[in-house]
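Once you scroll down, you'll see the structures, which are given as structure tokens.
Shared between the two complexes below is chain A, which has chain B as its partner in the first and chain C in the second.
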Partner chain A sequence: MARVNLKNITKVYGSNTVVDHINLDVEDGSLVSILGPSGCGKTTTLRMIAGFEIPDDGEVLFDDQPVGRVPVNKRNIGMVFQSYALFPHMTVAQNVAYGLEQHGVPKSEIPGRVMDALERVHMAEYAQRKPKQLSGGQQQRVALARALVIRPSVMLLDECLSALDKKLRVEMQSELRRLLEESKVTTFFVTHDQEEAMTLSDRIVVMHDGIIEQTGTPREVYESPRNRFVADFLGKADFFEGKLVSAGNGIVTIATENSELTLTGSTTAAPGEDVLFAVRPEHVIMNPAVGAETPVGALRGKINHIIYSGNVISSIVDCGGMMVRTEATGGSLSREPQRGEEVILSWEPDYLIQLEK
Partner chain B sequence: MIKDRRTIMTWPAMLTLLLFALFPLVIMFYTSFISDATGEFSMANYAKFFSNLTYIKVTGTSILISLCVTLVSLVIAYPLAYIMAKKLKGLKNIILVLVIIPFFTNQLVRVYSWLIFLQDGGILNRLFMTFGLAENGLGILYTKAAVIIGLTHAFFPYMVVTIFMALERLDDAMLEASRSLGASKTTTFMKVIFPLSMPGVISGVTIVFIPCLGSFVEPRILGGTGGLTIGNIIEDQFFEIYGWNFGAAIAFLLLAMVLICMGGLNSAGKRWQV
Partner chain C sequence: MSNNNKTGVLGKILIILVLLYLYAPIFVLMLLSFNESRYNSLPFAFTLDWYRDLAEDRALMEAAKNSMVLALITGIICVILGTMFILGQRYLARRTEGIFNSIVMMPMSIPWLIMGLSSLLMIRQLGFEKNMIFVALGHIVISLPYSLLVLRARISSLDKSLEEMSASLGAGPLTTFRRITLPALAPAMIAGGFLSFMISFDNFPISYFLMPSGYSTLPIEIQLSIKFGFTPEINALSTVIIGFSLVVLAIVGLIMRSNIKSLVGGDN
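Up next, the complex of A and B:
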């Protein structure tokens, strides 16, 4: 219920620039995931939006109004923490009522709104319990209800599902999505779980070392990663790096350190430039090599090892010293790959992604 | 079988306790009913205590002093514990060591230091007189105030530690949650921090108030006549007057008071437990 803009926000601890001139515009009511490895500054960014940290440079705007001078309790935000942070001395109902009392909601309205919020997270029957008497998942629901009941303009969630086990987490993800869509609240969702970011959000912000590497829809970020870091962090990728020799007719030729590679695909780079390409392992088609001929744009190699992980079988193929990963969903393979087998790897031209060098 | 064998292991400890704690207590309880004058078994010792206004007054003084010490300790200890646990986390170990120093000081050294510090011609008095704040000295020594100062010094570290532990356990995210829900810092303190620190406050109160009730060294040395406590009366009965049986009776009255206070504080503590 508010548009949020981050303008050049920066946070420095000592000599360590933890968040480095970040710019981000978030539409009213959209759900943005901030994704990145540990220590990249996700929590710090979130805390600056909340007002717990003051940016050393730049400003945060809610609906075009700078909020730099607005204290946390006046920003009308909803926060959900990894540790749930419920008040242990209050019942579930009192926890949810707390924010309403602070916002001066008339006493007569409070019980109704509390029950309504609890019903929406299916926790109404636990209203009189203490947080200690609830499971982790139930506590998380209460924490959500408590944050949402005040109708915040911005919701901030910091790895709020990561303490739950995998199955419950997936369940909560869809429920969270439903709740946040219902309440149409602008949401920042910090996570280091890429799958969670993909399923939950309208947009993903990939952070690394205090800067934003890329922003886009989950599909954009996954299918057109900008650089090596994003390609590697979201999903897996095979990289091909070298000097561009020639390009055209759906074939790209590059010179690597010790050989020349022909890859299926196209490029905007000019010959002589340093280039970096990536292919997603699930786009690599693996066929047994028949005869000595290698089709143009394909790679020939020997299966080095095979990783079986239930739904997916990954084969790591040694193509003249370069390891290329392929993935196939278990059911789609006509026959099991064998270690040491000679194979041909190929892909559709569109699947060759050109990355920034 | 196994359960039996386990209980056997506790027997030596039980026996020691029985022999050195319970047994003397039983003997004392018995002698408290023997009149010092006639040697008969009666309620005479207890009657003597309640019929003499001086004893009742001294009991009142003891309670008053203990309450003051507890209150002053609380006022000093709470902010200190709060700063250690939430504000200057980096310095908490240093502050803790400084706070605990009185623990490791010999009781007599500690009390005599106060004696020297507070006496006429002592540092404090001279300081006040040089600045013209008190003409004839403060005259603090040999009053209840001196006892309160001495006892507070001895016992407030316990309070700092118990409150610190309660506050330390408090998840910072909880305080931030409160702020994000619209509560000011003051409200957060009143509605979240303070209630959750109550168990620590109550154990602190218990651990300061109870030993103060029975203290006799500080009152003896710093208190003069106005600062005499029930502990001094018991001490006198045993070491000066040799009214052991009467002394035992007063000791049991003190014990009863202690037990009642502990019961009350304990149930108060339960109410705040989360």
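Up next, the complex of A and C:
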């Protein structure tokens, strides 16, 4: 229950700048994901918020108070690690009670609050078990209860669902979100899983090489990615890169290395500028090619291969050497695409995303 | 199938041979401790006389007490030093850690005979008289690496996030050490201490060189008694020691097992 500000925080290991002057303002009670590939500095950022790492430059503020000199055990944070880090020699109840004891909660209140917390994660009946007698999902719940029971001002979750199998992970996602919204606690998730970031958070911070590439709601980040990295990391994208030749009437013409492409959409760039566009594969409509004519703004190609993954059928289309990916939900196709088939690819003008070069 | 059976039988025979090779001498010794003959000769006639004699042998009992005290002190100090060492080591740079490691583990690769002799020479050069403190110091130097080996194996598998978690829950460094780190290390401390205890209890060369006159330990006493008239009392004593070791080993084993079970995921 605190507002968190990161001001220019930086962490350097040797000659390697892991986190490079990051600024981030997080509202009280919001759920924020820090998303990025491994090595992007997201965990280091989280550890600086927690106080395990001290920034080499910049400041972390909780409710406008700098916490640089406040040690971890005085920051009132709740943490959940990927490994859960349940204390192996204590029972579930003792694990949850531990934080309350450290916070000087009167002895008489502790059992009640422990049971409350365990009930909220549906683990009350396991109170007397040892962690090793629990499944991964159950350990996860206990770890959550242990972090939430101390009523932390900030919750920090480090890849906390990654160790679960897919089905359980999806179940836990919605439950986790419910718990955190109920507790109204400011929360940071560190994750490399875009789906997790989208479902769990109000805001996504995309990190790459120690810097923030983009911050926004899940919808903003997915639908209007700022650059190639974000477009590529969140979801899939087809990219079109070249020099802008002309634009107007819902058609953009670019010159690529060896040909000229007409794409449906619009741009703010001026002719002659280098431009980069992206289209999400699920926005690409694929139709069989009839006749020799290719409509303006559409692409013509041959299906190179087809990837069937149950709910989604992806076709990789070879458009004169350029591979374009399309995706269709299983039921939406009137007929199965065939390998080698000639097709026309098109999309609605709004779906052409202009990226920063 | 038949091939498998053949190798199975062969394997069993081999195991029995190895076990015989390892334990037959000990078994013979234990048997002879109950034999009437003073010269360890057959036929076997059961007696407990040697155990009675042992209980009345002041010199031997005194040596046993010395050995026990020495080994206990060595074991305890090795555990304390070893634990401090591995905990401190976590904050060292990798290179420094390597250097420290080599220095502490060195006594393992130097023959004890040489360690004993060189310690004696140094004590003499410095103008000290031999005394029990030097004996204890010598035992600690050679036993410490064994404690360290066990402790290091444990700490390298100790998840640092447990301690971080404790801090995040509001515990200061001392509480974290007492309630999280120490319980996690306890099994290794017991096992390491036991190992150092045995190394010290068993040690002859260091004690031989450094022991002040008028004092003795079991290994020295046994060596002396072989020189000046061996009696089956020694057999009885050895049997008692073996029995004692087995009991301690069993206890340590039980503690370790229950601890490891609760520390490692195990059977879920």
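In the analysis below, the second predicted complex is superposed on the first by the 357 of 357 C-alpha atoms of A that agree within 3 Å, B and C clash if a C-alpha of one lies under 4 Å from a C-alpha of the other, contacts with A are read in each partner's own complex, and residues count from 1 in each chain.
Quick note on the criterion: a contact is a pair of C-beta atoms (placed from the backbone, for glycine too) under 8 Å apart; a residue touches a chain by one contact, two chains touch by 3 or more.
Being a predicted model, the structure only gives us computed values, none of them experimental.
Superposition of the two structures on chain A shows chain C clashing with chain B.
In the superposed pair of complexes, A:Ser135 makes contact with chain C only, with no contact to chain B.
Shared-chain residue A:Phe87: touches chain B and chain C both. In the superposition on chain A, contact is made by A:His103 with both chain B and chain C.
With both structures placed on the common chain, the touch criterion links A:Gly78 to chain B and to chain C. In the superposition on chain A, A:Gly301 contacts neither chain B nor chain C.
When the two complexes are overlaid on their common chain A, residue A:Pro55 makes contact with neither chain B nor chain C. In the superposition on chain A, A:Pro218 makes contact with neither chain B nor chain C.
Annotation: chain A residues 50, 52, 71-79, 81, 83, 85, 87-89, 98-99, 102-103, 130, 132, 146-147, 150, 156 touch chain B in one complex and chain C in the other. Remark: chain A residues 50, 52, 71-79, 81, 83, 85, 87-89, 98-99, 102-103, 130, 132-135, 146-147, 150, 156 touch chain C in the complex.
Residues 50, 52, 71-79, 81-83, 85-89, 98-99, 102-103, 130, 132, 143, 146-147, 150, 156 of chain A touch chain B in their complex. Within the complex, the chain C residues that touch chain A are 159, 161-162, 164-172, 175, 179-180, 183-184, 259, 261-268.
Taken in their complex, chain B has these residues touching chain A: 171, 173-174, 176-184, 187, 191-192, 195-196, 272, 274.
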